[in-house]
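Multiple structures are listed underneath, in structure tokens.
After this come two complexes, each holding chain A, first together with chain B and then together with chain C.
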Partner chain A sequence: MTIGLPRALAYHRYGVLWETFFKALGGRVVVSPESDPILIAKGESLADSECCLPVKAYLGHLDRLVGNCDYILAPRFERIGKNDEFCVRFWGLSDLARGTFPGVRILSYNLKSHRPDSEVSGFMKMGKTLGKSQIAVLAAYKKAKQAQLTADTRAGVNQRLLLDSPAIKVLVAAPPYILRDPAMGGTLLRLLAREGVTPIFPEACGRAGCRRASKATSQSLYWVMNKEAIGAIELLRPRVDGVILVSAFPCGTDSLVNELVLRREKRLPVIQIILDGQEGEAGLQTRVECFADILKERRRGYA
Partner chain B sequence: MLKTVISYPHMGNYAAVFERLFAQLFPRAEVRSPPPITQRTLELGGRHSPDFVCAPFKYNVGNYIEALEAGANLLFQTGTGCRYGHYGELQEQILRDLGYDFRFACLSRENSRPSAALRTLHAAGCQLPAHKIAAALYLALLSIRGLDEMEFWMRENIGFAQSSDRIMAIHRAFLHKVRQADSAAQMMRAIESGRCAMQAIKLDKPEHPLRVGVVGELYTLMEPFSNFNLERQLASDGISVSRAMGIWFLLFGRSDARSLQEGGGYLRYPVGANGVDSVAQSLSYARRGYDGILHLKSFGCIPELNAGPALRALSKREGIPILQMSFDTHSGEVGAATRLEAFVDMIRMRKGA
Partner chain C sequence: MTGRTSLGVDVGSVSTKGVVIDGDGNLLAEAYIATQADPIGAAKQIVASLEKQLGGGVKVESVGVTGSARRLIGAMLGANAVKNEITAHAVGALARHPGVRTILEIGGQDSKIILIKGGVVVDYAMNTLCAAGTGAFLSSQAARMGMRVEEIAQAALRARHPAKIAARCTVFAESDLVHKAQAGHSKDDLMAGLCQAVVANYLSNVGKGKQIRPPIVFQGGVSKNGGVVRAFEEALSAEIHVDSDSHLMGAVGAAVLASKAQTGVSFDFQVSRRPCRTTARECAGCANRCEIVTFFAGQLKIDSWGAKCEKGSA
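Our next item is the complex of A and B:
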């Protein structure tokens, strides 16, 4: 039994959970390769032209898995709390996968509440589909949940260590599925490194902390991923030199939330970079260099 | 003290209902609908809104700016569903950054629950007792139902009327009554007389006219300016147009569970806002033998994009043509008209064949 996991979107949040779970059940896990221009181009050809870049990438990843596994995992994510919703895109992922690849066996669960049983019952059902006993599934889920927690904690610690560096530090406020994808955030991170700027990811502050802190920027915000991306601004304000908001064209939630941040953040320098998968590197490089220069000058001014 | 002047964004002809509702809720304030939507509204809205926010946001901002210019100082907004739930906060910020002085009452999401809405109304200066508020709301709902029913009939039949002017006149008279109505009884009489007047219109309807169903995102469907008046173009081509979308439908006619059940399994889960409704309604049109479906949405509308693969599968399996059109603040009108013409020619030839 081989389970395919698309290395896109929620994989960067729940990947360890999924991998550990299916491996603990005795399955073989195939993760699609890192994004590359060919994979993204394939995704673009499969998607509606108006879909956002990460969704196009998601379809590209699914395409790589088709034929290489018995099942492909494509869950639906609605919410993890009353006021913590996923972008409506995530509500449609399962149907999008099923509709774009008819005939492919899709494993799915529906994360639609903050109560733990929403996720557990979803995993129990997947275990049943795979023909495993309830006890084995529950044990695998527990183990997987623990592994994900450990991985999240470790990622947070690693990010916090970076905060002690004397270098210029920039909070890159974006969801992990952009930052961790070499074809999207990868170029930006490379350019930042070249300028000697240390990028800090929002996960340095922990997700729940970020979600609470996002209230300082927006009271009525209800999108989990955006809360987690921008909440860190409030928490890291004294410890970073600037903020880069990274968005993928045409991200629906960012269109509102990033605009609000740009209008409301008065103390830290902020720029917004929109990735559309078409940008020449030269344009991006100019903006990154420019921003890095400003941050360096500011430091010198205050020293 | 400065007189309170209330305003709200436009959508279709519902401004008439809001005008009456707010006049009843705030007897001492002045209620002023924004000027009708024009190209200028759209340009103002587009200039001050984020680039790729969905088009209704831009229309709202344009309406607000023109309302503020006309002297409004208390703006209302609501919000549910996908991005609409977060419109209010950013719109208020944009208008404040432009330097306008106003109060903003946002009845979005949790704030639309009765207790919270009542608090917001009180804070905005509505001093009516609860039963009077309830009566005003009841009248507004009644007007909405009457208006939706009348316009539903008009879409289906105006293309075949000997004199569409007569229909428009009845419609105008009805809107006038909506603006004046004092009691539910009066409103019911107005609805009844409107209904009778419409029934008396002579129609040249062929036995099997071309029929097109319109589905999609709510604002683009309900605000004709935002879709270049496509429904009127269809009607003038002698086509019977059906569209279930309206405020009454949104408030009382829809349920994700039912739409999923009636959606023929093309979607398994709710995909946000009206995505499942689009699929369920399309299937219903297909089964009732309609000749084609128009799927309208604003650019980048996520729920409708989520429904995309399902609609394409439905179109293929049920054998019904579906034309999908996206609108933003700068889509060309001629392009839309040409696509629609081609679509109409195609379904006409299909029917003839």
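Our next item is the complex of A and C:
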């Protein structure tokens, strides 16, 4: 039994949970390769033209898995709290996978946490589909949940260590599916490194803490990923030199939330970078270089 | 400030600018020509023209390059400072107006706003996806009306009742212009409307949410257009300073940066007569397909760029 995991979107949030779960059930897990321009071009050809770049990339990852596994995991993500909702594109992922690749066996669960047991029951159902006993599935889920928690904690600790570095530090306020994707955030991170700037990811602060802290910027926002990105700004303000808001074109939630941050953030320098998947990084380079110059000058001027 | 005698070159998409400044920042020579999609040729012409103006006897000890072709021309001239346009423009403006708080800059293809506090850049914004309201747009509209771009300002300043032109998008601005012309508005009023549209577009796209505080300096090619200057003054109700060398400030900034850099270079004006070429190829090392440009002076490889990893830099 081989399960395919697309290395995109929620993989960067729940990847360890999924891998550990299926391995604990005796399955083989295949993860699609890192994004590259060819994979994204394939995704673009499969997607509706109005989809955002990360969803196009997601379809490219699914495409790489088709034929290499017995099942592909494509869950539906609705909400993880009463006022913590995923972007609607996440609600449609499993339908999108089924519609784009008819005949492919899709494993799915529905994350919907006003029913707190929705993740467990979703995993129990997937285990049943794979023909495993309830006891084995529950044990695998518990093990997987613990592994994910450990991984998240480690990632947080590693990020917090970076905060102690004397280098210029920039909070890159963006969801991990952009930052961890070499074909999207990868270019930006490479340019930052060239300028000697240390990027800090929002995961330096716990997700729940970020979501609570986001209320300082807006009480009424309910998008999980945005709340986590902007909450990190609140929590890390005294410890970073600036903020880069990164958005993948066209992102509906970012266009609203990033605008809000640009208008309300008065203390830290902020720039917004929109990744459109087009070739050519000259414009990006100018923006990053100049932002790094500003941060270096500020340190010199106000130190 | 006392530094080295310095050459500064700003290779933009539309025009290439060059200056030579002495150790105190005084302009010794200046040149301005159209790039015409040949940055190497344009830079060579600039260097030749500066050499002629200086007439020998001036030793250039550092070279700074900025603009969209900075990497290429930086390699060609052996520059000791290669800087982005925003920093270069800010440094240029600060050299002339030390107290400046806001720099408005409109060039051929891009426009930016730079905010300064205590002589330090604290914030900036650039136009993002489209070139509406930049110099290229103004000159194409002038050409369509059978005017030279230099004539826009005179026409605009004569206008009594500027026509209202949609500022949001070049395509709508153009159809508005056509419509207003057919409805009987004079060319003067249309040109004044166009200048106001450029300013409205700039303030709502590039300048949105930014605190525009005086003293305000306006630079870049479009600052030579008095119609746009007046429209800015009316929109901001503030005095706008336009330096007589406002179109050269990127080059001045690059020269200042090079002159203050830790190490200089010895520059030889012969470079304008030296053959050089570039080759472009697509790296087949991985799926990224980086486009790699290699720069040769004669047969000697000077530099290459465009690669995301070491595979492509061989």
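Keep this in mind: the second predicted complex is superposed on the first by the 299 of 303 C-alpha atoms of A that agree within 3 Å, B and C clash if a C-alpha of one lies under 4 Å from a C-alpha of the other, contacts with A are read in each partner's own complex, and residues count from 1 in each chain.
Throughout what follows, a residue touches a chain if its C-beta (ideal position, glycine included) is under 8 Å from a C-beta of that chain, and two chains touch if they have at least 3 such contacts.
A quick note: this is a predicted structure, and the numbers were derived from the prediction, not measured.
After superposition onto chain A, the partners chain B and chain C occupy separate space and fit alongside each other. Touch criterion met: A:297 reaches chain C, while chain B stays clear of it. In the overlay built on the shared chain, the residue A:20 is in contact with neither chain B nor chain C.
Once the two complexes are laid over each other on the shared chain, residue contacts for A:250 go to chain B alone; chain C is not touched.
In the superposition on chain A, A:190 makes contact with chain C only, not with chain B.
By the document's definition of touching, of the two partners only chain B reaches A:92; chain C does not.
When the shared chain is aligned, no partner comes close enough to touch A:148: not chain B, not chain C. Shared-chain residue A:38: touches chain C; no touch with chain B. Contacts of A:263 after superposition: both chain B and chain C are touched. Superposing both complexes on chain A places the Cα centres of chain B and chain C at an angle of 80° as seen from the Cα centre of chain A, in steps of 10. Put chain B and chain C next to each other and count what each touches on chain A; the higher total goes to B.
Between chain B and chain C, the smallest C-alpha to C-alpha distance in the superposed model amounts to 6 Å. Overlap of the chain B and chain C contact sets on chain A: residues 263. Residues of chain A touching chain C in their complex: 36-39, 187, 190, 262-263, 269, 271, 274, 276, 279, 282-283, 285-287, 289-291, 293-294, 297-298, 300-301.
Chain A contributes residues 48, 50-52, 76, 78, 83, 87-89, 91-92, 94-96, 98-100, 102, 110, 218-223, 249-253, 255-260, 263-264 to its touches with chain B in the complex. On the chain B side of its complex with chain A, the touching residues are 50-54, 57, 82-83, 85-90, 93-94, 97, 106, 108-110, 266-273, 275, 299-300, 302-303, 305-310, 312-313, 326.
Contact residues of chain C toward chain A in the complex are 68, 83-87, 118-124, 126, 128-129, 209, 286-289, 291, 308.
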